[in-house]
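Next come two complexes, and both contain subunit A; in the first it sits with subunit B, in the second with subunit C.
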Partner chain A sequence: MHDHHDRLTILMMGNPNVGKSALFNRLTGANAVVSNYPGTTVDVTKGYLRKDRHSYEIIDVPGAYSLEARDAAEEVAVRILDTHPDAVIMVVLDATRVERGLYLALEVIERGAPCILALNMMDVAQDKQIAVDAAEMQRVLGIPVVATTAISAEGVKHLADMIRKAQVADLSAIRSRLNGQEPDQGAVARCAGCGGGGCR
Partner chain B sequence: MHKRLSELAFGESGTVRYILASRHELNCLGVRVGKHLTMITRQPIKGPVVVAVDGMEVAMGLETAGCVSVEVD
Partner chain C sequence: MGLTADERWGLVDAIAQRTVAFGISRQTTGDVLGELTVKPLTGIPTALAVLYAFWSIFGSFAGVLVTDGFMIKLFDGYWLPWMQAAWPDPGSVHYFLFVGDPAAETCFEAFGMLTSGLFVSFGVVLPAIFVFYLMMTLLEDSGYLPRLAVLMDTLLHKIGLHGYAIVPAILGLGCNVPAVTATRTLETKKQRFIMMTLLALFIPCGAQLGIMLQVVPDTVGWVLLYLLIGFVVFGYVLSRVIPGSNPEILIDVPPYRWPQRANVAKKLWNKTRGFLTNAVPFVMLGILIVNILYLTGFIGWLADLAAPLFVTWFGVPKETVGPLLAAFLRKDLAVAQLSTIPMTSYQMITAVVLISIYFPCVATFAMMVREGPRQLLAAIGVLAAVVLIYGGLIHAVGILLGVA
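On to the complex of A and B.
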């Protein structure tokens, strides 16, 4: 949401226990309670991030498995999403449980807000010898995908840089890419990674 | 052989063939048709059922587990 300071709101959403709060603390320097079990965050924490000339309000949303709320924390998550129609959504995934996290990610993408995806807990994925191809996910989803490890801060700076490149993705374009087709030009406005400004 | 998920024995595994409960509720937890799962525990006194899917444990109510049909390995 753009307030009078033209500050963009970022909602951090994801399944419970994927490291949203740890990532939130890294991004904002805040001190949200972090634990190693799900359901730690049941209400809302706000923090602020200044990156270059951009100013962001970051909201740490309680974990949810889906947008069809089944418990109090999920109701809070859906309500926050509803009350911030102009927010950028940062979807946080556990890199060791990508498939489960994608369910919520696609539900969020379907709502049509600009999204960016943080592939968190990459250290655990490496330990478990799970390889996740962030570049391929970015290509298929059409939104920036950044690999992060919140506890060691790896990738967090890059994530902060990429927030302003968040993209609105299109489900039918995602479907055609999964079927090996290139979607219609109209469906994909710009490159997910560079926002149209030329890739690395 | 088909069994309800709630009837699987400890350690028994199989593939989900159909879900008669709210699909949505289980799908978002990673349990969907075609998924291979293994029974971890069935808590006593109509307690929750815990299964392993893709290396993670998913708990669900006994009633929900009774709505999942599994083809046993």
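On to the complex of A and C.
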């Protein structure tokens, strides 16, 4: 009854064609259109997820390379981000093209919203002999990082479990971790090192 | 505020160095195919082959196999005579509205809601869009579309667009409505305006293509050629006239993937359901409205009024005005209606082209209002000018060829 009030909004953001809609459909059972070309999603789709006692409203946001919008679809993405200041951001990365995804992730992190990161397309990365260390990425960024393959639903349940552990990341802490120092202990650090595997 | 782009990239590199390791990757068949289909020497023949295959499967499955082979026999041979015999009172208004012409031999001619309406919806358009979307989904899910965009880039830059405009253009061949929203992936206002206008003018939708195969099977090539020429010529003119830039774009080409059966089935089902719930009622409504307008004498009056323009300028019979009215609701219906008007085959080509270009259907129009209300007035101005100029030009070509 009252779950309308404590329903958390999750925005799924990421570069075009990284599988946001496929992952969104897996999480919510919704019917977003999935294709293999960038720019399939140009509008907003909403779906709902109940996990244990938590209930989430999940919004599939059009793909963007950066928050400095270049086209109308990216403008939609930025506008949704602006109009949902309290939302948790799930940044979806293509595991075969991590760098450009991280760029957007950092932009989102800088805005100070709680984030969780999904490393999608792990199957393709494996085929291409690209190894992405989700545990290390989680330790460095200080936000949950979950490896997923939307097409086969691998990792999706774990991703759903981890949504509630979304964290606000701190840039200076990221920097000092990259320099080999451990910053002060927070909720974040407790989570570090579990490899996105057993953090329950 | 936060970081500069350079600082951000620096941080990205540092994180990636810690977390990503590249092994030795072998080139897969998909990679090789990916290369071959974007290099012009091999890519252009492939693109032509893909588009030709698309068209010929569309025509032979929807047109020849399902509609000619099965639906026409069912509707003209059994359904129409049965309706004509079973519906009471051939002289009445309700007979005219529901069954149509009591002497009609085919479901195209009858033009009642339960004869032509059902035949156009289920006999012609449903099989057409079904097979169209099946192939379309395969193109979408395999990853071929962005490669086509790379190939088309040079060509489309000449008409003020870049290669990625091929995506809304091809989506528009299915239905113009999602194509209008797909123009959001274009970067500048200029590009969006040109693409939306060209979409509304020169890209016929799947339903229309399906019915064209039935109504003008021998000359459909001419109709498409006229539309293609119009697309290129007016695109070129618009790109010169409209202010704004047409920047280069970097297209992200994804690897080829096998389309997933579940995803293909889901998309097909969604499209089919959309057709049944959104399009079929409009076909019925269109027939109802057109028939009422005929009964009240409005169409006759309008035909007389428009006769000088239609007969002298466009070179088509004045009765074409009726289908043009219907075209606002459903273009497939309008083309079906054309088939009942006696005219020469060149007049038919002109009339079908006119129906395609004269105005977007109501669903597309509504979407254009949503996407760019300010540019819409300009678009309508361009539309009116293009219809007048191009319609006259096609007539002139006909006169020169000695066929009009």
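Definition applied: the second predicted complex is superposed on the first by the 179 of 200 C-alpha atoms of A that agree within 3 Å, B and C clash if a C-alpha of one lies under 4 Å from a C-alpha of the other, contacts with A are read in each partner's own complex, and residues count from 1 in each chain.
What we mean here is this: contacts are C-beta pairs under 8 Å (C-beta built on N, C-alpha and C of every residue); 3 or more make two chains touch, one makes a residue touch a chain.
Note that the structure is predicted; figures quoted are calculated from it, not measured.
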Per the contact definition in the header, classify A:Gly14: touching subunit B only (first), subunit C only (second), both, or neither.
neither
Between subunit B (first) and subunit C (second), which does A:Asp71 come into contact with in this model arrangement: first, second, both, or neither?
second
Between subunit B and subunit C, whom does A:Gly142 touch in the aligned arrangement: first, second, both, or neither?
neither
With both complexes superposed on chain A, which partner does A:Glu99 reach: first (subunit B), second (subunit C), both or neither?
both
Any idea whether subunit B or subunit C touches more of subunit A?
C
Overlap of the subunit B and subunit C footprints on subunit A, residue-wise?
70, 99, 103
Can you name the residues of subunit C that touch subunit A in the complex?
1-3, 8-9, 11-16, 18-25, 28, 137, 140-143, 145-146, 164, 167, 181-187, 192, 251-252, 254-257, 259-260, 263, 266-267, 270
Per the touch rule above, subunit B residues touching subunit A in the complex are 24-25, 27-30, 54-56
Listed in rising order, subunit A residues that touch subunit B in their complex are 65-66, 68, 70, 96-97, 99-100, 103-104
Subunit C contact footprint on subunit A (complex, rising order)
15-17, 31, 33-40, 42-43, 62, 70-73, 76, 98-99, 102-103, 106-107, 110, 124, 127-134, 136-137, 140-141, 151, 171, 174-175, 178
